[in-house]
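In what follows, subunit A forms one complex with subunit B and a second complex with subunit C.
What follows is the complex of A and B.
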């Protein structure tokens, strides 16, 4: 075999383990889901094999699903914005800290050593009726009765921010860390104040990281069902909870399949729009 | 355009002293090079002048005014970095115009001044392109244009040529000199490359381990080094132990093992105060190899054997051994170079030597 032919094959050889995994564990099951979504669950409890549009009709026409979908996107959106506002300064601090960068990055990774569910449930011990915060407020006499702080939209967002913030910080950190610090020095020497050079140079150059972090937070946030389950009230269900409900509780796989595909398509469409209109490709071009 | 004056500057990082008490005067319009190996404090000095670092002690004056407390964005300096530091998300024209936006300059004047700066660096047509579409040498020209378009009081160049490959570096060197001559701005140039320093500078400040070793014109530091470090750092030198046996107004007479009596011109032995042990500085290119038995006239000679031949095209570098002493010689090639093992006669003229005190 010629050198060229070997080199042409090499990427495929290197990719094959990943491609196999993605194919068998993601693509094939996804196709099952697609097929399932056209089956029908009969009153008797058995799945009726065939090509029925009933699930899709229900999922697309029922205002209940639409409202929850919109609410899901809203919660994910707010979470993303909060993560960006809280994450950027932290990422900037880590990127600009000289000696202790590895320690700070390790600290950032630390929460991942604990299960996401445990981390989410820890909020119950903090915000619950007999949790740490209520006990503290009652001890120092600010309140007499414990306040109901849990099980609302705010706590869902709080839980999501807690879960997603490290992803945002990491993405922003990576892009900030790659910026030559001389760029800011150059901008300062040309007459820009620290703030001006940040706005003119550092911020635009870190946008790809911010955009990537934002996308990740949004998609992960919009697809979660554990946080609203643990920290949300009955009215704070997110779309993934509906899928969970349909499949795990009602054992209605066909409807659950249709709903999960619906979420997939909506999120996929948003990602594509995002890519196109936030001009990530354009930004990357400028950066080379 | 302004003079720069460092007064008793000290810079410490924690317990490490990067710059020991240094005073330096850079006259208005001069091209001054801070030359030294990495870690000698030259870049630290430059960054203190720039306002990127605060001196631990001492005063920095630009144009006679103390600037220690003036933040970098108010110092009106042009800085060119080794890494170019062009803004990758802005076009070349936007890069060059950057500093003008923070000055009271009208839009039409910005356009004009950007264009004339691009003309000055001989890249008039690249304004609409992005930095990464240009070669390294072109990017460095743009960085230079960006720093001079604001009419800086002082131009600071931090190893601007070091990232370029050898041929380009020489072109840029010539270019840099032309531009500096043309605009006449006070320039502080930091480099570890002695040939850049010798070619460009009005004054060279040779630094080592945070201290100034010698200040002088290129010819002075090259021909009359005042320390062993300077003699070795600017070109290759042979440093031989010798003994001073007499001193007059014109010559200082040295007794050198192998070569006998060497009358060194007094201006190249200014630091020798009398008889005693001294060092003879003999530049590698002043030590000539000749076939054994050649009559060279008014020169000191010694017999030696060629040990290593380092062929470089135009020139050849020899390591020769005479007794226990290894010497280095760089000669132009006339015909064929000598081969390893050849017996040769070494020769040099006393007036090409310099003398330094022992230690």
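What follows is the complex of A and C.
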């Protein structure tokens, strides 16, 4: 075998474990879901094997699914904006801090050591009728009766921000940390104020990190179903809750498959758009 | 022509090799292929060799129930039979059925399932097996009426034995709602504007429809005006603060006074009362009665499962589990001394006839499941 041929094969040999894992654990199950989406749930409960377009027709034409999907995108969008507004200053502070950067990064990682469900449920103890916030407000005399703060769309967004904020901070931090601070000094020496040097130098250079964090927050937020279940009221649901209900409660795997693919296509399209204009390299840096 | 067995096939192969009719590479290649074929089929062949049973898997609701099972049934069973019991837990019957459907036969063996609905659903998915009740002598102690719904679904043989029963009645905080008010309003208290944002409800579509039927004065097992029921559910949805999804959430919402009234599981409310919370429990006329069973899933080692079921139905085990989970056991109080605590539990029927409870007609409810569960998903979201 020639050296060229061997060199051409080498990347594939090195990639083969990862490709096998992705193929078996992601691609093959995904194909099962695609096949399932064309089956039908019979009245008796068992699945009717065949090629039926009913599930797709229902998922694409029913206003119910469209409205919940739009609401999901709205909630994910608001969450992403809040994460960006809260995350950027925190990331800036960490990136510009001198000696205690490792400690701050460690603190940023701490929430990942606790289960996401536990973190979400902790808000019940904070915002509940007999929770910490109501108790504090009543103790200092600001209110006489506890305020009903839980189980609405605002608490769902709050729970999502709590879950996703570290992802945003990490991505922005990676971006800010890579910016040469001499650039800001140069801008200042040329007469720019600190605010101007931030707006015209630092912020534009850190936008790829902000976009990567935004994409992660949006995709993860749009795909969640735990937060609305724990912190939402009877009406609050995101699209993933409909998938959960179709598959787990109604045992309608074919419809659930069609719905999950629909969400996958919408979120996949966003990732493609991001990749088209910004590239995945920045996202990899943030995740790395 | 007589079919050749594998041993003969290998002997002939070896003879051809020794005679020089087959080169060494082909011989070893064929032996290797046979080995590979055996390796590939072995994971599936183990289910066919179920006679050599070393362990049985049991899935239940966890917590005190699992602890009672472990102490009073699983460990004595293992000591006597040498068969290990691996116990798993699930948080809901729907989620568990989804897991069972996705599994290989024999992977899941016995499950502590809810009511007759699940029995019918498992039967529809061809997951029932045939138990020999002669191998489960303790089944004689069970309330006869609890066996009837299962026999109606599988007349030839049962795939489960009843284990306990209870009700989903009305739970209320007595600091805010008196016993008199509760008796006067009954199920309609859940759509009383006076308690807006202090009302809860289980997110289960069956319970919502059952209570919708009670609120509109209809028979839950023969609803004539479904639109009226959906309207009652919408009314409840708009007044409710939260649909709870688990017993722990139900208890937390009531204990923390996030809600004052909801439907609740009798055992969980009894547990709250034991903890000292002033929570009342009331079964309105036609309150939702249900039973749980120990179900043997198709593909399981039946004889080993039958023996384990007999251990689990033994009075000392049943009573310990019942006292732990606060639901009366399926044992007939007229045949077995159930001790002091069980007769005080909500939903307990001392007559052994269960005439006072209304159970859901599985044929009626399962027949409407596909349509109603889907519609409920929409109504819940404001449609």
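One rule holds for everything that comes next: the second predicted complex is superposed on the first by the 266 of 288 C-alpha atoms of A that agree within 3 Å, B and C clash if a C-alpha of one lies under 4 Å from a C-alpha of the other, contacts with A are read in each partner's own complex, and residues count from 1 in each chain.
Going forward, a residue touches a chain if its C-beta (ideal position, glycine included) is under 8 Å from a C-beta of that chain, and two chains touch if they have at least 3 such contacts.
What you see is a predicted model; the values in this text were computed from it and never measured.
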| item | value |
| --- | --- |
| Fit or clash between subunit C and subunit B when superposed on subunit A | fit |
| Partner chain(s) touched by A:46 [first = subunit B, second = subunit C, both, neither] | second |
| First (subunit B), second (subunit C), both or neither touched by A:64 | second |
| Partner chain(s) touched by A:196 [first = subunit B, second = subunit C, both, neither] | first |
| Touching partner for A:242 - first (subunit B), second (subunit C), both, neither | second |
| Partner chain(s) touched by A:162 [first = subunit B, second = subunit C, both, neither] | neither |
| First (subunit B), second (subunit C), both or neither touched by A:188 | first |
| Touched partner set for A:205, first subunit B, second subunit C, both or neither | first |
| Larger contact residue set on subunit A - subunit B or subunit C | C |
| Minimum Cα separation, subunit C to subunit B, after superposition on A (Å) | 48 |
| In the complex, subunit B residues that touch subunit A | 50-52, 71-79, 81, 83, 85-89, 98-99, 101-103, 130, 132, 143, 146-147, 150 |
| Residues on subunit A engaged by subunit B in the complex (per definition of touch) | 180, 182-183, 185-193, 196, 200-201, 204-205, 283, 286-288 |
| Contacting residues of subunit A [partner subunit C, same complex] | 41, 43-46, 64, 68, 124, 128-130, 148, 150-151, 229, 233-235, 237, 242, 245, 247-252 |
| List of subunit C residues in touch with subunit A within their complex | 92, 94-95, 97-98, 101, 121, 124-126, 197, 201, 203, 205, 237, 240-243, 245, 252, 256-258, 366, 369-370, 373-374, 377-378, 380-383 |
